[in-house]
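Right after this note come the structures.
Below, chain A partners chain B and then partners chain C, in two separate complexes.
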Partner chain A sequence: MILAAGHPGFLSPTGVEIAFVLVGLVTFGAALVTVATRQLVHAALWLVVTLGGLAVEYLLLTAEFIAWVQVLIYLGSVVVLLLFGLMLTKAPIGRSPDADSGNRPVALAAALVAAALLVWVVVDAFRSTWIDLSTVQGSTDVAGRSLFQHWVLPFEALSVLLLAALVGAIVLSRRNGRPAGKETR
Partner chain B sequence: MHLAYPAVLAALLFCTGLYGVLARRNAILMLMSVELMLNAVNLNLVAFDVWLRDTLHAGQVLTLFTITIAAAEIGIGLAIVLLVHRNRGTSDIDRLTDLADPPAGTGPERADTVADTPQKSEAAA
Partner chain C sequence: MNDVLDVAWRLLAVFVAFLVLPLVVGQTEHKVMAHMQGRLGPMYAGGFHGWAQLVADGVKFAQKEDVVPAAADRRVFQLAPAVALLPYLLVLITIPVGPGNAVGQAVDAGVFFVLAVMGVGVLGSVMAGWASANKFSLLGGLRTAAQLLAYELPMLLAAASVAMAAGTVSLSGIIEGFHWWWVPWQLVGAVVFFTAGLAELQRPPFDMPVADSEIIFGAYTEYTGLRFALFLLAEYAGIVVLCGLTTVLFLGGWNGPGGADGLGWLWTLLKTAVLAFGVIWLRVSYPRLREDQLQKLAWTVLIPLALAQIALTGVVKVVISS
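Let's turn to the complex of A and B:
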């Protein structure tokens, strides 16, 4: 938007950009370890690093409310749920040799092709686009106002969805919910 | 900040998640990769919202909705994985081949177990 006045080039980064790239490298590296490690519990712990790095990126993009929601929901509950799931399914603690399936080369090729295409398209499209971070865009005040003024109905619908998910998870995980007629075990 | 930085990071994270979904064998590791893909989308939404200075802040609100739906998804997904693990003794996706062609499958009578599960949950709800 502001690029009419000539945006700064890639060779003279600002401090925010340097921080963003460094945290982004850590985030991406942790994501790679998450999908590549053979120790299942370590994958969950590296996922924490990835999600925390993304929270820092949200802070650098001045979306602070999203950052704290990310910390609360993802780091607080989703990772804990995943760890519980790993332990309840008796995941091996050490290295498990069969963490990756046989179609790993195909997956690697597909991911590399997709990454090359996406990065090429994105860089080509947004090479000269500049985000002005001078004003805070996502403080709790701004996010709350827009959420409860313009987005109230989707918000309420989402609470119904959460309730349905809660009931569904309870029903799915209840032992012997029905009399033994349909159970085969 | 250049918009290219968050966009490229989101693309790379998405492809990492794509590799994880395709290559992992454990169902919970697949769910982790799905979370990576959802987070890449969230980063894109936030970056474009900050760039466009949307008056409704649609990108950030949609990010909140995505985070909520991801939480619901991980809850239901883990419940299903635990149910499969309880019924089959494994959460190995390569061995859940009841819907595959008959020579590769484990038999038609075990497929009934999976087919009954949604009906059972509906009836109980």
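Let's turn to the complex of A and C:
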């Protein structure tokens, strides 16, 4: 990230910037449909579009590695697991009458507050920094270096957190009424 | 202008390969299975050795009516074959076949790209399974998704081992770093990768999601005509992609006796073809596992082996560099 000397303006956007905004709009629209649709599985499929749109945004910002990891983890694994869960719980074809919990106003308020907070933080943090995209900013090399040199402690702390969550999930799922070790074969 | 033409040529070449190679694998499967199991059907059409079987199949698929079940979710149902097939086309673009510039489009983080995009193909099967409004389809879709839990992790770990060995995640970079002793060094990883890949493609012995004697044809039960053919094409394209990837990652790609220049692409194709033959051979010779047996195999055998391979790679790498 560099501070460009002569400030590029907003009035003469480059092709990449236009594409970024357009993909962003599509992603935003898909996200809205994801939460608004009454058809459960369709919501999951729109989530695919949303997450894929995010991956494209990463690509446009030359963060190739992050983009592929996004596709690998979210599209390839998380959404498939989500669909797996939906299929196990008999998600009907067509509208689910009980898909709406009646909390729309509260959810909308929470979403707006969260969005405002995030936008404020990002705007405040980066104000006038300008990323020069003519050189690759997020290659695997760069991402690896910054992750394992500057951010190695948070990285390891996160992995411990995830491990704890994993162990917790296993413990919880094994304790369904009867003591462990006495499960039906 | 020249650049545009260059890109167009490359994409056209990849597209032609995408249309031809899976059909070659399919035709080979007909013949190999016919020989191994003494089947007469595939040896009949057209006279000599049943050469026209593939043409006959194509005509049959094109003639059949494209039926969408009344209770199905129309759009998801119709979209599913494309979601299953397109990822393999995208992956094929980035697989290098020869030294230098013989690749559709080189990708910096190639290993991640191919694994990520291949994983998206599963969505097609799951979508098909849900949208068909058929219990067998739903079971097939469920099995597909459950299978993902088994193969995804060992496949990634095995690929990570090679990336560690080569010190790069670019596919052509991995081949350029290849030495012959990588084959014994990464052998365990190669076996894990290939086995997990078979599970991803739902090929025997891991074809529980389509098990025809249990759940008709799994997620594809309700499909007819060209859409069904697209799913079959996705399976064969998957074989090409998996064998090509195993070649690139573990068998040295275009390296071979006689040098890589000139005939390098031939080595890639030859290794891929031998692996594809192995995939077909497994189909005629192995019984189908159960879904829980695959989970057990993956979590108690494949993942520990892959982790051991990563440890071995790390140790050897440190010893070499010191």
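The rule is simple: the second predicted complex is superposed on the first by the 118 of 185 C-alpha atoms of A that agree within 3 Å, B and C clash if a C-alpha of one lies under 4 Å from a C-alpha of the other, contacts with A are read in each partner's own complex, and residues count from 1 in each chain.
As a convention for this text, a contact is a pair of C-beta atoms (placed from the backbone, for glycine too) under 8 Å apart; a residue touches a chain by one contact, two chains touch by 3 or more.
Computed from a predicted structure; not experimentally measured.
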Contacts of A:V41 with chain B and chain C, given as first, second, both or neither: second
Which superposed partner A:V122 touches (first chain B, second chain C, both, neither): first
Touching partner for A:T140 - first (chain B), second (chain C), both, neither: second
Touched partner set for A:A91, first chain B, second chain C, both or neither: both
Which superposed partner A:L108 touches (first chain B, second chain C, both, neither): first
First, second, both or neither for A:V71, with chain B first and chain C second: second
Superposed model, chain A: greater residue contact from chain B or chain C: B
Chain B versus chain C as contact partner of A:L81, first or second or both or neither: both
Which superposed partner A:F20 touches (first chain B, second chain C, both, neither): first
Set of chain A residues, in rising order, touched by both chain B and chain C: 65, 69, 77, 81, 84, 86, 88, 91
In the complex, chain A residues that touch chain B: 1, 7, 10, 14, 16-17, 20-21, 24, 27-28, 31-32, 34-35, 40, 43-44, 47, 50-51, 54, 57-58, 60-63, 65-66, 69-70, 73-74, 77-78, 81-82, 84-86, 88-91, 96, 98-104, 106-108, 110-112, 114-115, 118-119, 122-123, 126-127, 129-131, 133, 137-138, 142-143, 146-147, 150-151, 154, 158, 161-162, 165-169, 171-174, 177-178, 182, 184-185
Interfacial residue positions of chain B with respect to chain A in the complex: 1-9, 11-20, 22-29, 31-33, 35-36, 39, 42-43, 46-47, 49-53, 56-57, 60-61, 63-65, 67-76, 78-83, 85, 87, 91-94, 109-110, 112-113, 116-117, 120-121, 123-125
Complex interface listing, chain C residues touching chain A: 71-73, 76, 107-109, 112-113, 115-120, 122-123, 126-127, 129-131, 133, 138, 141-142, 145-146, 148-149, 152, 156, 169
List of chain A residues in touch with chain C within their complex: 41-42, 45, 48, 64-65, 68-69, 71-72, 75-77, 79-81, 83-84, 86-88, 91, 93-94, 136, 139-140
